[in-house]
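What follows is a pair of complexes built around chain A, which joins chain B in one and chain C in the other.
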Partner chain A sequence: MTPSEQLPILLVITPLLFTLAVSIAGWFNRKICYPITIITLSASLYISVALLLQVVKNGEIHYHLGGWQPPFGIEYVVDHLNALVLVVISFVALVSAVYSKESVKQELPDKIPQFYTLYLMLVTGLLGMTVTGDAFNLYVLIEISAITTYALIAIGKDRALISSFNYVIMGTMGACFYLLGVGHLYIMTGSLNMMDLYKILPPLYSSHAIFVSFILILVGLWAKMAFFPLHEWLPNAYTYAPSAASCLIAPLMTKVSIYVMIRIMFSIFSPAFVFEAFTAHNIIIWMAAAAIAGGSILALAQTDFKKILTYMIVAEVGYMVGGVWLANRLGITGAVLHILNDALMTLCLFLAAGIIVYKTKGHKLENLRGLYRKMPVTMGAFTVGALSMIGVPPTAGFFSKWYLISGAIDAGHWGFMAALIFSSLVNAVLFFRMIEVGYFEPFRDNQEEHDHNTALSPKIDEAPLSMLAPLVIVSISLIVVGIYTGDIVDSIIRFTVPAGI
Partner chain B sequence: MQPMEIVLAKYNYWIYVLLMMIGLYAMLSKNNLVKKIIGMSVFQAAIMVFYVSIGAKQGATIPIIEDDPITGHIHEAAAQTINAMHYVNPLPHVLMLTAIVVSVSTLGVALAIIIGIHKQYGTIEEDEILEQIR
Partner chain C sequence: MNTIVSIKPLFAILVSLLAVIPIVFSRSSPNLREFWTFAAGIIKFSIVASMIPTILDGSLIEYTLAEVLPGIAIKFRVDSLGLLFALVASGLWIVTSAYSVGYMRGLKEHSQTRYFSFFALALSATIGVAFSANLLTLYLFYEMLSLATYPLVTHHQDTEARSSGRKYLTYILGTSIAFVLPAMLITYNLSGTLEFSNQGFFTAEAAPKTTIAALLVIFVFGFAKAGIMPFHSWLPAAMVAPTPVSALLHAVAVVKVGVFSIFRVVTGVFGVDLLQSLDLGTVLAYVASFTIIMASLIALSQDSLKRRLAFSTIGQLSYIVLGAALLSPKSMTGGMMHIGMHAFGKITLFFCAGAIFVATGKKNISEMVGIGRRMPITMFAFFIGSLSVIGLPPTGGFLSKWYLVLGTIEADQLPMLFVLLGSSLLNAAYFFPIFYKAFFCTTEESLFENRMNEAPAWCIAPLVLTSAVSILLFFYPQPFLGLAGLAVQNITGG
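Let's look at the complex of A and B:
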């Protein structure tokens, strides 16, 4: 076998091995942890782009671990959908790793090796979740990424520990429900391989056990992705995590969970079951509409800009879940495109928020005062992210929202469409409030009470280049992805919509 | 089928459901964080019981083919092992080995977080912590 045939396993093994390398290297010299991480993640990005190109050229890749034939061995499958998600994961991971250098040095000076070990382990888990074609292997990888996330959040300050504890409880419950659902599938079919399950299941679609297993898996994944009534853990956990960790976790965890939901719906089950035999899809779209409205309204009540962003994530999860369940070509295209766009714009906003926290030491709205004068580049990039979140063309956010709204009209689901428009308006209100505070209110040092310390506290100006460059790259990529939306949909996302829709 | 028969014929499922509900109750309603974690462990153990019980079979043997030490041929009793009817399905048990590893590491992280909480707030009662936060 040539190395290019081994790419699917190299993708997961490389960060896993370098996780060990980073933790060992950390004992001797903590300065080399950062370069090792950057090199590893560049390799991951290279491999996932190579995989995407292979898939676009030759179609699906099936890789059998250890040469064992499925359904007995574990299989890794790369198709158009997860090749795209793999590129998103490794791009976001690399960008926020570059960015993390100064921020980790400031926030976690004595935990640098531990941070990068957990960071690479989380990336391993996310890449594995995306690439695997085995239902139980998926459970293990979900838990690998979840456990590292708990730890990454817990090393934050303030209320990080208690938020992380709530996340442990919710996350474990979600994973256990998933495992239970897979158990029901195993009893009924005797198989754990996704392709194999897809072939065995159709005659069993009317069975109660299969029905229950599907609900258990869905509820488990919803707890993981913070779908509206189960979202309680997310805002605090993402707000109090260290900035560098939340730049990785916030764009990726929910998006990869949504990818997993799409994978379960169309690769284990099929549209025939999900949209016909399972008659609840209308209820789920209403739940998604409630998620969008609920997330937006809760965001309005916050005075902490990082927390506003986290409630927006709750609303965005509703966009994607609803889009998939609309059961038409436009809705699913919109949802998959939104995985890409939302990962990029959440990353952009959290990178900017991280820089503001780095400079002003706080994440309240008052901390934004007068920042447009003091750090124009950061706030400019923040504005691009904000416009994309609102959905202003030509930024990427506009196009996925366009697909979602067209899908809602196509399905005749006016409630979901109204929720999408309502959320865009609320996003506009929220971001204009932030921009107003940043642009019109005069700058005031938030540490006035510690006047004698002013000499020691850092001056508020532009952040170092290693933080600024990733932010600028991401904000430019938002516009570039927006302009090339047509090409991305034609060459990749078109193939992710299951046949028969 | 009589209600009693339904319970007795599938008693392994009833046990796992009962354990799971005990765990869920503790996770959601206990005030003490360590008790929540105990509930979480019970919850995970219930799912392991469920998996192990679906592989079990009365009067079945292990799935290993053994040579007869004297004749060198496959032993008659062991030859039956080739037939899937006669051995216990090992796969769910093996899956649960992995799940045990996962649950132990979750437990470890959760306990470490509780130690951190105790250092920060001086208590592990949820209501007292919430009072301090407000």
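Let's look at the complex of A and C:
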């Protein structure tokens, strides 16, 4: 076999091995942890882009671990859907890693090797979750990424420990539900390979055990992705995590869980089961609408800008869950496109938030005062992210919202459409609340005198380039991805909609 | 009708967008910075003007940037209506820039680099709206304009600016997200396209009458930049902006983008025939008439000069909407011409208001008794601007109003004729006292010394120019009349 045929396993094994390398290297010289991480993640990005190109060119890739034939061995499958998600994961991981250098130095000066070890381990878990074609292997990888996430959040300051503990409880319950569901499937079919299950299941679609297993898996994943009302753990966990960790976790964790949900729905089960035999899809769309409205309203009540962003994630989860369950081409396209777009815009906003925390040592709304003058580049990029979140063209956020609303109209689901519009309006209110503070209220520093002149025009004081460059690249990518939406949908996302829809 | 593919419209949009870069980098040298604004303005105007012969020949210019959604591209098309609007906006940008220099430096305003950057950005968006070939592209630039003008409206960064800015966005961004976006999606869902066409792409078979009526109403109110009541109160609030912003953006660019969008929706989306057959134009005409009369009545009671001008603008914008709503060739010609004619008249008035503020610091009409003695040139220009807005010869405003009046007769809508005439009387009632008191008062009444002391030349020259053009347009209405006539010809298929 040529190396290019080994890419699926290299993708996961590279960061796994280097996790070990980083933790050993940390004993000798903690300065080399950062470069090792960057090199590893560059390799991951290279591999996932290569995989995406292969898939676009030749179609699905099936890889059998150790040469064991499925359904006995573990199989990795790369198709259009997860090839895209893999690129998103490795891009976000690399960008946040580049950015993390200064932030980790400031926030976790004595835990640098530990941070990068966990960081690479989490990326391994996320990539594995995405690439695997085996339902039990998926469970293992879900837990790998979950446990590393708990640790990454817990090394933060203030209330990080208790927030992480809350997350542990919810996350573990979610994992149990998932495992129970998979157990049911295994008892009924004797198989754990997704393709195999897909073939075996149809005659069992009327079975109660299969019904229950599907519900268990679904609820388990919902707890993992913070689908309203199972979202309680998310805002605190993401707010009090170290900035660099939240830049990795916030954009990816929920999105990968959504991907897993789509994978289970269409690769283990099928549209025929999910949308016809399982008659709850209308209820789930209403739940999604409630998630959007609930997340938005809760966000309105916050005075901490990082927490506002986390509640927006709760609302965005509703976008994607609802989009998939609309059960039409437009809705699913919108949901998959939103995995990409939402990852990018959440990354953009959290990078900006991290820079603001780095510079002002806090994440309350007051910390934004006067920042448009003091940090124009950061705030400019933040504004682009905000516009994408509101859904202003030509930023990426507009186009996935377009597909989602079209899907809602097509399905005749006016409630979901109203929720999407409502959330755009609330996002506009939320972001302009932050923008107003940054733009109208003069900058105040504790050391400085309250001199009117320095307050009105403080010196420009931006973060170091290693933090600023990733932010600017991501904010530009929001516009580029928006303009090339047509091509992305046409060459990749079109193929992710299951046949028969 | 032949179509020419050319990148010119894209260049016309990008010129001022790219100008932002040198403007920001030359922030330490104000003269160089303003040079870039003028350079961009002149290049932009030349590109726009260079398309006049092609369009008057009956051709269209098209350019497609990228297909972003199935069947919808970011696409530009220059037709006669779009060109007319682009011509007015880009031409007046140059004049306003000169005025901005006088005004901003005269008042030693802060953050002038930001001011000129966002001004350039706003002009890009305006031309983008003018040249949009479909509803999505129009929406894109419409939103861009809302956001680019926000820092201009809130330039002073004080409490008043903050609350006005909030109002501005609530009305403009709120309506476009809550009304226009869903209406656009539903339209796309029903008809499968968003591409403007001369006779409209909506067919009576596509949807029941009530749906069409509802969509029309949502679109008309959704484009809140047009200031149709009850979505008008952002405009008086936006008067906290520096006067050049009020002059170009809130008498020409932003508000005209609103009515332009309504014109496009009425003619390019629904089409005159469809609206006529469903009798929906009349509904719109009554909505517009209400705004015309109410706005004029409110204007009477305003003492702040800029607020009075703002309410006058709200009324005048609905003239243009009325022109579209009457659906007759003459009324539409009048409506389109009014985009240009009103622009020159109203911008003159705003320039005068700003010049008075720079020279004397006065904002209220009651404090301007006898100001004609001190600022005769300004007040004479004010007189001409008022004539144009009222619609009296020898100014351009007379012609557009003349066509509108003929249109009411052609459409057989006599009530609208009385609305127009009544509004003219009201316009006269709120403008004449201003310059009457300015010139004709006793020495005791006068609040100013009998000595000429005008605002800086950078402020005076532009207002003299625009008032002169207002008169000139009465005698040579050709570019506007020709373009409007051609646009109407295409719409009615004659």
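Convention: the second predicted complex is superposed on the first by the 486 of 501 C-alpha atoms of A that agree within 3 Å, B and C clash if a C-alpha of one lies under 4 Å from a C-alpha of the other, contacts with A are read in each partner's own complex, and residues count from 1 in each chain.
Simple rule for what comes next: a contact is a pair of C-beta atoms (placed from the backbone, for glycine too) under 8 Å apart; a residue touches a chain by one contact, two chains touch by 3 or more.
Because the structure is predicted, anything quoted here is derived from the model rather than measured.
Asks: Give one of first, second, both or neither to describe whether A:Phe440 is in contact with chain B, with chain C, with both, or with none.
Replies: Touch partner of A:Phe440: chain C, not chain B.
Asks: Which partner does A:Leu161 contact after superposing on A: first (chain B), second (chain C), both, neither?
Replies: A:Leu161 sits against chain B, while chain C stays out of touch.
Asks: Check whether A:Thr485 is in contact with chain B, with chain C, with both or with neither, and answer first, second, both or neither.
Replies: The second partner, chain C, only.
Asks: For A:Ile405, using the defined touch cut-off, is the partner it touches chain B, chain C, both, or neither? Pick first, second, both or neither.
Replies: It touches chain C, and chain B stays clear.
Asks: Examine A:Leu425 and indicate which partner it touches, taking first as chain B and second as chain C; both and neither are also allowed.
Replies: second
Asks: Between chain B and chain C, which makes contact with more of the residues in chain A?
Replies: C
Asks: For A:Ile147, decide between first (touching chain B), second (touching chain C), both and neither.
Replies: A:Ile147 sits against chain B, while chain C stays out of touch.
Asks: Considering only touches as defined above, state whether A:Pro394 meets chain B (first), chain C (second), both or neither.
Replies: second
Asks: Kindly list the residues of chain A that each of chain B and chain C touches, one partner per complex.
Replies: None.
Asks: Looking at the complex, which residues from chain A come into contact with chain C?
Replies: It comes out as residues 387, 390-394, 399, 402-403, 405-406, 409-410, 417, 421, 424-425, 428, 432, 436, 439-440, 456-457, 482-486, 489.
Asks: Inside the complex, what are the residues of chain B that reach chain A?
Replies: Within the complex, chain B touches chain A at residues 24, 27, 33, 36, 40, 43-44, 47, 50-51, 54, 92, 95, 98-99, 102, 105-106, 109-110, 112-114, 116-117, 120, 129, 133.
Asks: Mind listing the chain A positions that touch chain B in their complex?
Replies: 136, 139-140, 143, 147, 150-151, 154, 159, 161-162, 164-165, 168-169, 172-173, 175-176, 179-180, 183, 186-187
Asks: Which part of chain C faces chain A closely enough to touch in the complex?
Replies: Residues of chain C touching chain A: 65-70, 73-74, 110, 136, 139-140, 143-144, 147, 151, 154, 157-158, 161-162, 165-166, 169, 173-174, 177-178, 181-182, 185-186, 188-189.
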